[in-house]
Amino acid sequence: MLELKNITCGYASGFTLEDISFRLKKREFLGIVGPNGSGKTTLIKAITKLLPAKKGEIILDEINIDEMRFKEIARKIAVVPQSFNIQFDMSVEEFIFIGRIPHKNAFQFLEEKKDEEIVDNAMELTETLQLKERLLSSLSGGEIQRAAIARALVQQPQILLLDEPTSHLDIGHQIKILDLLRKLNKENSLTIAAIFHDLNLASEYCSKLLLLKNGKTFSFGVPEEVLTYQSLEEVYNTPVIVQKSIISGMPNVSVVPHPQEYRRKTE
Amino acid sequence: MSNYQLSLPKRFGGQAILNLRFRIYFIAVFCVFAGCSALFAQNAGYQRIISLGPAITRQISLLEAEDKVIGVTAYCQIKDKEIVGTITNTNIEKTLLLKPDMVLATRLTNIKTIQRLKKLGINVAVFDEVKSFSQLCKDFLRLARIVGEEKLGNKIISDANEKVFKLSLKNRDLPKKKVIVQIGASPLWVAAKNSLISEFIKLAGGINAGPAGENGLVGREYVVRQNPDVIIIIEMGMLAEEETEKWMKLDTINAVKQKKIYIFDSYDICSPTPLSFVKTLEELSEIFHSETE
Amino acid sequence: MSINMKKRFASWTIWLFILLILVLAVGFLSLCVGSGGFYFKEIISAVSKRGSPEFSILFDIRLPRIILGFIVGGALSLAGVILQGIFRNPLVEPYTLGISGGAALGVTLNIVFGLSSIFGVISMPIAGFLGAVVVIILLYSLSINKRILKMHELLLCGVMISFVCSSVLMLLMAVSKTENLHGIIFWMMGSLEQPDMNLIRMASIVSVAGLIASYFFCFDLNALLLGEEEAAHLGVNVERTKRALFIIASVLTGFSVSVAGIIGFVGLLVPHLARMFVGNDYRILNISAFLLGGCFLVFCDALARIVIIPLELPVGVITGILGGTLFIYAVLKKRLIFG
């Protein structure tokens, strides 16, 4: 469904993603992990054509995205950013309706019944119906995240990209959001690619992981293949312990605090 | 009686022709007389005049044509007339309601006001800032024609010219004093060489020590360096007393040493009529050529 | 749930209706008011007396002022709403970018060099517009980098250019002749008095054209509410939108300033007022700001003409005081800033 072939792209400041290649199949739940500055957000920008690729190509549904207009891409891919910087307060409903813009016909000025139904549907799925009239400024972190996902859903995308969907949330809300994503992935056939900071959450929820280091692919595969202590120690430059989770059997990463002390003890 | 019938084919001669000749002569003389009268009679001028400048109003008073004025500014010194605004801000609606046939504007009147009045079909005559005595006379005559007092205007002008001439003759051989005229404080502004005030000084027998050109924005050191013999301060809503004291502190200046610092009324110097011009000249002449106190 | 949509559409229609009534009311009120002094009853009789001074006052003096007031008020407010949308900053208004400074400089140079005597009275608004255009081009070229318009830099450049223009203006005022000074200050104080009907017609065309043009971008502006990246993710061609809207707003401002001088605060206050009443959806916001701006300016002009009758205050004084007070009130109401 989405294939990146040898993508190289970057910023004027010098940071570049180099030679990234992977394939994202339908109904896959991809987790993008890696240290700060390894290029995770840059990757998302490359996929949505926000950042033009210097080398390589990205194929979406068998079409090169270079040949697609922004609007066409917006109908297939929706992005949930890490946070919003909104200067003018609005209601949740208004906020979500903005997501319908890619589907507006040339001469359509007002929303149609179809638009309303899609918005209602999305709000039901994300349990945000009760927040309809509330102002964005009055929402909690978890509520904003759910509203943001709803806004992305009304774009009726085939692929949902999320930039650190759980970083600002407490553990309860983290699970809630990820369960929602999982439901969307399994029941609504939504292909998802999300950036994770928390390796364990990525391990539990993702069907595939992409580990980046310094703008290059370090490894790509199922969590068991990617989350090995050798890989992680090399990428994150800190000792870790990887065990199998008692509950799910997926790899569980534990950090080693103040590792120098342990090293001295074992010497 | 066929005597009184004009028959063209007949040749001149005979009684009928005598009547014709008489008639022709009468008509001819009448035409010449009428023409001469037209030439030498003065027109009645405009009858409903609005003045937008105190200087103009003053000159109209001098021309004894106050009864033709129906509107003035709040600053004009004339009694019992409708006020249509200030020097810079004119109430167009009020002006229109007064139904004037002539509006006299100055350089300070809002251009848009003049445009608007002209567009509404009202005559507007603009009087520029007076820069010399000859211009003062020319403008005065123009005004005299507008108010229909050309004869009086001419008389006043020739009187003034005569007096000015006599004065300049009198002062010709007297030593010329250096003069600085202060017309603004904070910032200090003196009369430059290209100004009406400069002409006053010249005609009164002095030398304007101000800068060349029209811009008089100089510093006090300039004045100290010029070292004038006389300093004149124009009372223009500013504290002339304070300025005098400031000058008194700079005791290297001749004018300060000889205590020749004078305060003049702004009205006479900045909005002169030919009459007041002469009066001011005489006063200045006194100051320049009297002995030190 | 379609009731919600119908409700929204209905409320927009009602609001537009209210605005149109407001336009008529304010226009009529303004027609009744003036230093000539007559009021409602006398208007009816005045209308019939063609050729009388009363008729002339109504139709040759007051009516053009009112028309110009709606045009300029609308243009400035629309420019304000557009700029606040592309800059994503509630404090941006048409004058923040230094466009008015450029226009003021153009007019001052025109007065100082006496170009009116060579080219006629039309040279004043043309000089103003040219000054505005120079600033616009300068701003644009300074902030565009590889076809990307950097809004942050644009804003900073605008503010700096504004300061530089003020200083140069003061320099020119310090060395110019007294009679020129009056002309400069008059112009800068802003006035809806414009005897040239052609200019008023031109300004009307530009203003309405700007309004129509802005409607091609109302969805883009809605998307921009979420952020530049987010708007791009919604399929908006963000760079093209920013460029086009910047030019539209600048032209609207340039024209308004050259025809009416500097009338401040309208472009800052009215967008916020409009937002308070109709929300953030640019489909209703554009026209609301336009009409509300016109009403506001015409109202201020009416006030300016009666406060110290028979003298007139410059309309910029009233918009400043009234606008400033209302703005503080709007801020306190807190609907403005997120968070």
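Letters are used for the chains, namely A, B and C, taken in the order the chains are written, and counting of residues starts over at 1 for each.
We take it that contacts are C-beta pairs under 8 Å (C-beta built on N, C-alpha and C of every residue); 3 or more make two chains touch, one makes a residue touch a chain.
Keep in mind it's a predicted model, so treat the numbers as computed, not measured.
With centres computed as the average of Cα coordinates, no chain lies farther from subunit A than B.
When C-beta pairs in contact are tallied for every pair of chains, the largest tally goes to A-C. Centroid to centroid, with C-alpha atoms defining each point, subunit A and subunit C lie 44 Å apart. Spacing of subunit A relative to subunit B, judged by their CA centroids, is 85 angstrom.
Considering their complex, residues 45, 48, 50, 69-75, 77-79, 81, 84-91, 93-95, 98-99, 101-102, 104, 109-111, 113, 116-117, 120, 136-137, 155 of subunit A touch subunit C. Within the complex formed with subunit A, the subunit C residues making contact are 1-2, 4-5, 9, 88-90, 219, 222-223, 225-227, 229-230, 232-237, 275, 279-281, 283, 335-339. Those residues of subunit C whose C-beta lies close enough to touch subunit B in the complex are 34-37, 53-54, 56-57, 60-61, 116, 121, 174-175, 177, 179, 182-183, 186, 191, 193-196, 310-312.
Taken in their complex, subunit B has these residues touching subunit C: 83-86, 88-89, 91-94, 96-97, 99, 107-108, 110-113, 115-116, 119-120, 129, 187, 214-215, 217.
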